[in-house]
Amino acid sequence: MTTSHALAPALGTGRSPFASLVRQREVPVASALVVLVIVTTIANPLFVSAQGVKDLMLNATITVIMAVGLGAVIITNNIDLSVGSILGLVAFGTGSVFAAAPDIPIVFVFAIGLALGALLGAINGFLVTVARVPSLVITLGMLYIYRGVNNAWAGGQQYFAGDRPAAFGRLSVDTVLGVPIITVIAIVVVVLVAVFLARTRPGRDLYAIGSDDEAARLFGIPVSKRVLTAFVLNGTLTGLAGVLYASRFNSVGATTGTGLELDIVAAAVVGGIAIFGGSGSVVGAAIGAVLLTTITSSLTALNVDKFWQQAIVGVLILTAILVERIASIRKARRLRTSEATNA
Amino acid sequence: MTIDPTSDGPSPTATVLELRGARKTFGAVVALSSGSVRLRAGEINALVGENGAGKSTMVKILAGVHQPDSGDFLFDGHPIVFRSPAESKAAGVSVIYQEPTLFPDLTVAENIFVGRQPTTRLGFIDRAAMRADARALFDRLGVPIDPDRVAEGLSIADQQIIEIAKAISLDAKVLIMDEPTAALSGVEVERLFGVARALRDRGSAIMFISHRFDEVFGLSDRITVMRDGAFISEHTTSEVSTPEIVRAMVGRDVDQLFPKQEARVGDTVVRVDGLTRAGVFHDVSFEVSAGEIVGLAGLVGAGRTEVARALFGIDRYDAGSVTIGGRRLAPRDPMASIRAGIGFVPEDRRKQGLVMDMSVSRNTTLTLRTTLSRLGLVSARREREAAADWSRRLQVKTGSQELPVSTLSGGNQQKVVLAKWLATDPTFLIVDEPTRGIDVGTKSEVHRLISDLAGRGIAVLMISSELPEVLGMADRVLVMREGRLTATFDRDDATPETVINAATGAEPAHTTTTTETRR
Amino acid sequence: MPEQTTTPSAAGSAIDPRRASSASRDTAGASGDRDARDAARRDPESAAERTLRRRRLLTGRGAIMIYALLGTLLVCALTVPRFASVQTTGFLLLDAIPILMIAMPMALVIITGEIDLSVASTAGLTSAAMGVLWAAGWGIPEIFVVCVLIGIGCGALNGLLVTAIGLPSLAVTIGTLALYRGLALVVIGDNAVADFPPALTSFFTSKIGATGIPTAMIGVAVIIAFFGVLLHFSSFGRTLPAIGFSKEAASFVGVHVGRAKFWMFVATGVVSALVGIYWTLRYSSARSDNATGIELAVIAAVLLGGVSIFGGRGSIPGVVAGVLIISSVSYALRLGGISDVVLNVVTGLLLVGSVVTPSLIAVVREKRRTRRAARDVLAASAADAA
Amino acid sequence: ALTAGSSDGDATTGSGSDGEQSIAFVPKQLNNPYTDVVLGGGEEASKSIGYDYSVVGPLEASASSQVTFINTLTQQGANVIVIAANDPDAVGPALQEARDGGAKIVAFDSDTNPDYRDVFISQVEAKDVALIQIRQMSEQIGGEGDIAILSATANATNQNEWIQYIEEEVDTNPDYAGINIVSKVYGDDDDAKSFQEAQGLLQANPDLKGIISPTTVGIAATARYLSTSEYKGEVALTGLGLPNEMREFVKDGTVTAFALWDPAQLGYVAAYAGQALVDGTITGAEGDTFEAGDLGERTVGADGIVIVGPPTEFDADNIDDYDF
């Protein structure tokens, strides 16, 4: 009766490489990015000059890393609103480390930053999984707490790029084959996390949990452990972003990273990660982050009135979730009718 | 014949998993009072019992989802308590739950292998191997499901098959299947049985739950009977007959259960004409008259609930019409249906019938919220009065009207649902699985209530998966199969055989001669 | 049909719906002393019931929040010099008003299981529009009307996207958060309009006589009362927790789930617009960045007030207390010369603590219970096996 | 003489204990390095006049965020409130209330609406600041070409005033006839934002010759961007900056010259003005004079404005002489 006989072609789940490529969730956002770059370049060729491209990559780097981390959390149907505060703490921590030990090897600084980020992420994950409280509430609270700690720690103190070794600052200046070093780091991060999520068992568990956590529990997936992993991963990557922030920008202080959280959520959502978990990929989130940072540059390059920029970003976010929704409705309908005809 | 479960059975096979005198409560609800079962290697044990007897609760204890409040629990002769499904799985227990537990966003292949996907030498998931393994499993079950499609949108039957594939792929020591065949057709059931027998012959201990006696007798080596959360008896299949099992299950003669009053059937109240929803149900037409109880039978997934939901206005329909009291009912508008005099007791009490956090009194008066209010404001006093009034009429047992309805037992919760609909003074009442998961005592009370309502001229549409309930209560029985109305029987023509045949399509020739679908 | 199982007729007639409905129609019917007498005779609430109901009222989450507020005020008054003064009332309430206002509809939105992050942006857009229209020479009444229309529009767009198209409100309102703030920038750019009539602006900072209570609180009280009555006493309000608990359960009793949510979003938009007006006139400054970032403060206060983020539960008194606790603590800290830094931490701890503590207690209790049961079962099984 | 140690702008408790006069500084935002230098001067002067000194303020520089702090100061009975307004009008009613309660209001750095304060301590003549910046720019780009302005927030009173003078000067002075202001952007005194705005400017205007950034955060961020990009040495940058922040960029050739007054003097004079108001030495009327400690006598000019002193221009030759 209702088993799906020979439904592969009807559903388009056939193995035609092109067909399956087109159905990737990353496609709409990637196309939007390409179109945006092309249009901007036509109007202003400088947009893709060596410097222009370098700037675009640099701008996207930190957002990309954070969007990838948060993406992993959202895939489990959780959220971490405290990422802006975590970034601020780590960035200021980086400044402090250099101030305290100017000759410290840069690798150590990265290690410290990542560890601090991981710790903060772990606190969030711990509260969410142990107390079984919705992550939105917990991390909203932690947003305030971490920011408060940052303020208390930093006070009026700020550390400037000049306080840090030149080699550290050069990470966000020097390039490898035209790609800034910190961007290379970001690309490596995207690839590693993407492989982790797509090709390892714990990674796939995250999707299963986001898809239906009750079923995951029944299935014997260690749900709490995995969710904790996602939060720690997110914290670690946000920590990395914090260190890179200190490398790239002039000053780090009490307010660094304020208000970043919604931008990062927006990047992940625009990149096709469903806000209620279970689907999407961190590659999509990364492209979403690139799209959102590029659109700002692009509007400036196009001399679009700066007052319109934010409104356009808003429209973009709404469009992204609309497209996503329409695609999923169509898919559901296709699947349903194919069931019916096969019944 | 009845065997004491503690004494060894006739065949000297080793007991793998055993539960004795297990008790489990959920708040005020006693799901299991004294559950016992013994699973032996190389043997298939069928667990039977009425809805709500506690079968699934026992399955969940064996699976580590729930932990027993008390009782004995032995695995390979050693005391054990599984604290989580992961533990039971690690011990070699593989479970198919009654409700499919698939991940809608993952592919079919992944759904089967999550957590133990085949990997390449580098430790990465080998998708090709996973796909091939999934396909091999489906071949074994003889069903062609595409391993690469996502699970979302699969039919209940396909979902069930994936659950089966998942469970057998573990090659577990113990395989527990909670109503795996509820949504399957004959061919698929046969294939599943083939696989189950093969597993048994290789030494697995299998527990199998089904409400269909032909399956129980066709597959099992032993039958364990449960009633009201307690173990009743264990039998060797070859030495027992269906009536014996039924008696053990219900604990009394079937006829006594359903006190059907003779009804004076009046004028037609509701007419459903050509109701269709693409892919779900097709061209469904029937009438219900005042004072008449119409039973709607069919297998799970036949689309009965869907028809009722569309009729009432919860879901949309693509074609057809619903007429009540001579007036056409607006589609997609439950409020309009309520105003027109329809009440609907839904099948899932906990998610659809009640707001579990709300008090008994608020729940009872939720349907009366506009009637009880003036200028949009509800009178608290009148609300309390109405609620207390209806609780008393239906003899709802509760510590207080102000307690959350979640603290009530299943049967009393169902009475609250009935009360809130009776309070609207309906002319047409739909009851979907009205006695699912409630104890026997309350069950007959509910039946009496429904019967009484019909006696007072209300038209009743009763959807039920329990054949005795349908046969005992209904003046007329409609049968659905795969989204279509396949047969209509008058009370006297409806026998278990005719209805099951119409529901499964087993002997279409037979059904066509005795029935004619009313249009 | 065996005789003994057929119902005794008493039970049968007890459920006669016609009789029952006529009874309820009686009580619904107009007046008459017969009614009153009947009610007195029939009011089924026993003394025990009444006590139980009262006890639940006095121990509910809303009541606890009110005790917490009173406790907070007492501690502040005792430890912070000058806190216990009329001036405090005025300044504290002036600061609290925007959060207090938006928290009302926000509580309802969250009770229905949705969320609205765009509230502060809506207020900003309203403020911007107000400035531009005033600068263009419009009259105040017309401007107010336009502002409210803007609020309706913003809320309606959110509502439509969420209910008609079925998008998740968290994502939608992150988008409109950016969009509405962006439109505010488009409308007024980097200008600030400040020349509102002094009579009007001073009204918004004025106090009622010597009470120290801002005059604007009268309006706010009306809003609180409106939403309180709506949630707790109206037939519409009965349905909101039902929606939040289960959409299905609500639609089965004839609730238009989409419609109800839509109107809740519109209400949020309107109140946000009112906050935009208040903000503009209180600070006599219409700018695009007014009220930036207060959405998280509102949500924090609502959640602290005991509204469940999953929907289905929450009360207006609790939310009012939640808002006032945060405002009092922050005002006391400032008055005590303690930096805002600490305030951030305190807000966070209040929020996290208020949800984690009860949940943690429940989790631990449950864990202990199952562990004990498991131990008993193990012991019993071992004894039996031996 | 007047250099500020790195005082952390942390809110120090300052309940005006009995008998002692209290002075409270409300900067635009805590934790801003420029502000810290200003406050350093304020603290020093407060100590020497024997006033109880405190700093309170918001963590982010939005228009309304200062009001609640003014309110608490009012209630604490602060004698002098020294404020750098984020918005000239938003703080008005609150300041009025403070005055009704007997406080003297000194605006500094960024003025409020004159109705709401007694005196305004201005760094320098606004016009002077504007002229220095455009002159430096003109010198560096050879008198012609496209330039852009990267400011703080769009509503910053002082920045907008300077920008207005710069624009007027470019329009009217024949020496600057070849100069074109092609764009004005706002970095909101946020490091990262200013950084990206600078970058956007260069991309949108390929022919850009120079950027004027009349804000310390903006100029530092822009300098950092330029020094790390191919535009280093190609695009001129000037404006108002802190020598300690800019030293690196002056040395590596990104920046030739920039300007600033000694911010510490601003806070210093503000504190003395507050004392003079409390003592009744001045009322804020034109022509009033008061003694500002080591800095000597100051005169209240038109509209109650007190000028602190001429701006200093910094370049590679003199920058090492300054430490703030």
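Here the chain labels run A, B, C and D in written order, and each chain numbers its own residues starting at 1.
In this text, contacts are C-beta pairs under 8 Å (C-beta built on N, C-alpha and C of every residue); 3 or more make two chains touch, one makes a residue touch a chain.
Just so we're clear, the structure is a prediction, and the values are computed from it rather than from any experiment.
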Intersection of contact partners for chain B and chain C: A
Maximum centroid distance from chain C, chain identifier (CA atoms): D
Geometric centre distance via CA averages, chain B-chain A, whole Å: 43
Approximate Å spacing (C-alpha centroids) for the pair chain B, chain D: 74
Inter-chain centre distance, chain A versus chain C - centres from mean C-alpha coordinates, in Å: 32
Intercentroid distance (Cα basis), chain D paired with chain A, Å: 37
Per-residue overlap in chain A, given as positions that touch at least 2 other chains: 151, 155, 254, 306
Shared-contact residues (touching 2 or more other chains) in chain C: 189-190, 293, 339-341, 344
Residues of chain D engaged with two or more neighbouring chains: 10, 30, 59-60, 186
Which chain pairs touch, all of them: A-B, A-C, A-D, B-C, C-D
Interface residues, chain A side, partner chain C - complex: 79, 81, 127, 130-134, 136-138, 140-149, 151-152, 155, 254, 259, 262, 265-266, 269, 275-276, 305-315, 317-318, 321-322, 325
Partner chain C, residues of chain D touching it in the complex: 10-15, 30, 54, 56, 58-60, 62-64, 67-69, 71-72, 74-76, 87-93, 97, 113, 153-155, 186
Parts of chain B lying in touch with chain C, wherever the complex brings them together: 20, 22, 67-74, 77-81, 83, 255-256, 259-262, 312, 314, 333-335, 337-338, 344, 346, 348, 351-358, 362, 366-373, 376-378, 380-382, 384-386, 388-390, 392-395, 400-402, 420, 422-423, 425-426, 444, 448-449, 452-453, 455-456, 458
Complex contact set, residues of chain D against chain A: 6-10, 30-33, 35-36, 59-60, 185-186, 191-192, 195-197, 199-204, 206, 217, 220-221, 224, 228-231, 245, 247-248
Chain C residues touching chain A - in the complex, by the definition given at the top: 115, 117, 161, 165-168, 170-172, 174-183, 185-186, 189-190, 293, 296, 299-300, 303, 309-310, 339-352, 355-356, 359-360, 363
